[in-house]
Amino acid sequence: MENKFFKKRKIVRINDILSCLNLDKKNKNFRVNDIKDLDLANKNDISFFNSKKYLHFLKKTRSDLIIVEKKNINLLPKKKNFIEVSNVLLSVSKVTNLFYPEALEDCFDSSATPLVKKNYVKLDAGLNILVGKNVKIGKNCSIGHNTIVEKNVKIGDNCKIGSNVILKNTIVGDNTNILDGAIIGKKGFGFYPGTNKNIRYPHIGKVIIGNHVEVGCNNTIDRGSLSDTIIGDGTFLDNQIHIAHNVKIGKNCIITGQVGFAGSSSIGNRVMIGGQAGISGHLKIGDNVKIGGGSGVIKDIPSNSKVMGYPAKNIRIFLKDNR
Amino acid sequence: MENKFFKKRKIVRINDILSCLNLDKKNKNFRVNDIKDLDLANKNDISFFNSKKYLHFLKKTRSDLIIVEKKNINLLPKKKNFIEVSNVLLSVSKVTNLFYPEALEDCFDSSATPLVKKNYVKLDAGLNILVGKNVKIGKNCSIGHNTIVEKNVKIGDNCKIGSNVILKNTIVGDNTNILDGAIIGKKGFGFYPGTNKNIRYPHIGKVIIGNHVEVGCNNTIDRGSLSDTIIGDGTFLDNQIHIAHNVKIGKNCIITGQVGFAGSSSIGNRVMIGGQAGISGHLKIGDNVKIGGGSGVIKDIPSNSKVMGYPAKNIRIFLKDNR
Amino acid sequence: MENKFFKKRKIVRINDILSCLNLDKKNKNFRVNDIKDLDLANKNDISFFNSKKYLHFLKKTRSDLIIVEKKNINLLPKKKNFIEVSNVLLSVSKVTNLFYPEALEDCFDSSATPLVKKNYVKLDAGLNILVGKNVKIGKNCSIGHNTIVEKNVKIGDNCKIGSNVILKNTIVGDNTNILDGAIIGKKGFGFYPGTNKNIRYPHIGKVIIGNHVEVGCNNTIDRGSLSDTIIGDGTFLDNQIHIAHNVKIGKNCIITGQVGFAGSSSIGNRVMIGGQAGISGHLKIGDNVKIGGGSGVIKDIPSNSKVMGYPAKNIRIFLKDNR
């Protein structure tokens, strides 16, 4: 699928990539289509491998051009082309920037102008609403006062958006509520730490919010870097929740106040998480998992488990240890 | 006391209630006045019993019509009328909705219009303030820029409301400060979880904030479902605190940044809570309790205790265990 | 350096100070220049000593007039003048209020008016921006919609300020980004707890943010009471972080989402803090420290340590204890 939100450079060749990484150019200067995660890449896309957590994706990836560090080259499937670099994340940042030169910075949307109510079907609109370019709003929606719907947002039917909300680079399903003060779709907290100056990382992903979802007050949901941040159908989020870039939350989850998700974690369906719990990055939480309030989850949790504690463990053990 | 904020259906009879619960109708179709918590209900109000935590309220309730599950029928005082249901919370949700058909959804207030300064006495008003219907603002107040005072709000004298604040269904006492970005009075995170779609729960309660209170920046304080969420006189709340529906906080408490309260907990007077602590739902914290920063409180705490830890225990034991 | 943000009373004499503390006046009614922390005070400034944590500052202070409680008088360097009081913090609050009568309350800035874009060099300005008196904005900046830059703010060159941001009493360096919904520069959560009414504490400090800094969405950063709250060059802050008054954060730190800092703590350079960690007040965290997500830090941490846990300890011990 074409990335409709960020403008992609039309033609990128392998030599452009090598050049932006300060590497020697190749004889065969073939064309590269896009940069994508291993599991989403097609044959002509460049991808990257940085952590053994994603070895199963590496083995099945369709990408034929992979950015990799020396120590991991032996893990690549045979016959794959690769680019050896000294720092994968920094290199991915540079290559993404090559493809999407406009996705690096994350300024406010200066294209936004006051909403014109008659452009939408049965919209209940508050005062002082601003709307950017490339915005679609379904029928029977309500949008509160002072809300800013920046460019590249699609809202489904029967949605209720509160006041003081900021939306950008986001797709919202039908019958979904987004409460006051939520900020959705800004770039994630991803960058290459530099000694004098951190190098910001382009974020070309979106936030995709399903149907019948509720997003609480003052939530912050960041968009993905290469792939998307996803909130599944029927999931309810309480107030002051933080969801970092590339997190995927399944369907019918119930997430209580002040919970935080670090980047790239994947949460199953029907997961219940108590208040103030934290989920570390790059974890996989199964279906029907219950996580007690205040827990700190630092490893994968299989489906149908109940955990609590910091670090989180089986809830029976936690309660026994703390009797 | 009449609920002045949400419009109540004038006449509700027992047969209307049975009908909305899909139960057989009764011969005697008497009139029911309102739906209320056990401790607040009068003889003609319907109430409900769902947790043994509230057995002491059940024994003393004036309500003569109680919604209850089969397993708890034997706990009812003799001679009480009851309605047996398979799920109390879902039934209460339906009956509340029958009484208060407008309290289910929680849209922005489309009745709000730009504030007219001369309507108020000695008001120091910022720019772009919006005010809904049924709003009272006392004398000598200040209200910052972009603040939205939705319908059904009463603010006392000498209050200082910051900028970007959203208030709804809230009563504020005298000499109280509400700082920038606070969102007060939205419906609580209460609903009946459905497999495909969660059923939202009507919230007909208010937020009641006392005199000489300070509410910090970006706080979220939800209104109660049947009864109110209450912040007592002289209590100070730091930034980024989340207070769920039906929480009662006593007088002269000091609550530090990022603390979270789950629903229906009751906090005594002069309680001090350190940063990032969390209080589980339906707990009773006594007077003069000190709770260390980062604690997770999961059971009742008697007055005059000092606790810390996750789960919270006597602070001397916590410090000894962690020496 | 003169405090340019809060108006100082021109002439304060020792007898004014004694009088505001209800103490007997002195024969020699010499003039006092200002009230400052021990380490920043000059010979003619009044200062105060309240905690043995600051004994090293007491020994080197240039101040010759120190507010102190009886139990600590013997710790004062010989020949220092002192004022004995029964409660240092309450007395400092009163004396600060004597010097800075306008710094006690923290109302919205009623001097703010709609931004006039042409007053600034190459400013990319959103809609509905308000700007107070004594505001300087450098060249090549962008400021999002609905943002309020209250009086006493200086923003450097090439800064990107988001939408719905509130800035006051803040100095921002060059090339710094402040994301949507951040609230920076309000008074800290410092007051003298009273039995019926808390007595607010004047906050005459600023927030000073360095160059190449990023401040995340919905962050709250309070200004200092006597000295300043400082965020060093190159430091990146994720979303929903709370930084209390007088905190000093060094250079090139990486602070992840929902972290909280209690008042007056000092963080070194290149410190990395995982999500939801909390740092207690008045602590000293060294350089290159790594603090795991969810940790609760309650004592000083030397440079180059890795800690995790609640309370935080050596990360190897934490992981071993929790294997």
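A, B and C are the chain letters, set down in written order, and residue numbers restart from 1 in every chain.
The working rule: a residue touches a chain if its C-beta (ideal position, glycine included) is under 8 Å from a C-beta of that chain, and two chains touch if they have at least 3 such contacts.
Note that this is a predicted model, so its numbers are computed, not measured.
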| item | value |
| --- | --- |
| Smallest number of contact steps required from chain B to reach chain C | 1 |
| Same-site or different-site touching of chain A by its copy chain C, using the half cut | different |
| Between chain C and chain A, distance of the C-alpha-averaged centres to the nearest whole Å | 34 |
| Residue list for chain A, restricted to those that touch at least two other chains | 128, 146, 164, 181, 218, 240, 258, 276, 310 |
| Chain C contact footprint on chain B (complex, rising order) | 124, 126-128, 142-146, 160, 162-164, 177, 179-181, 212, 214, 216-218, 234, 236, 238-240, 252, 254, 256-258, 274-276, 293-294, 309-310, 322 |
| Footprint of chain C on chain A - complex, ascending | 105-108, 110, 112-114, 128, 130, 146, 148, 164, 166, 181, 183, 186, 189, 191, 193-198, 218, 220, 222, 240, 242, 244, 258, 260, 262, 276, 278, 280, 296, 298, 310-311, 313 |
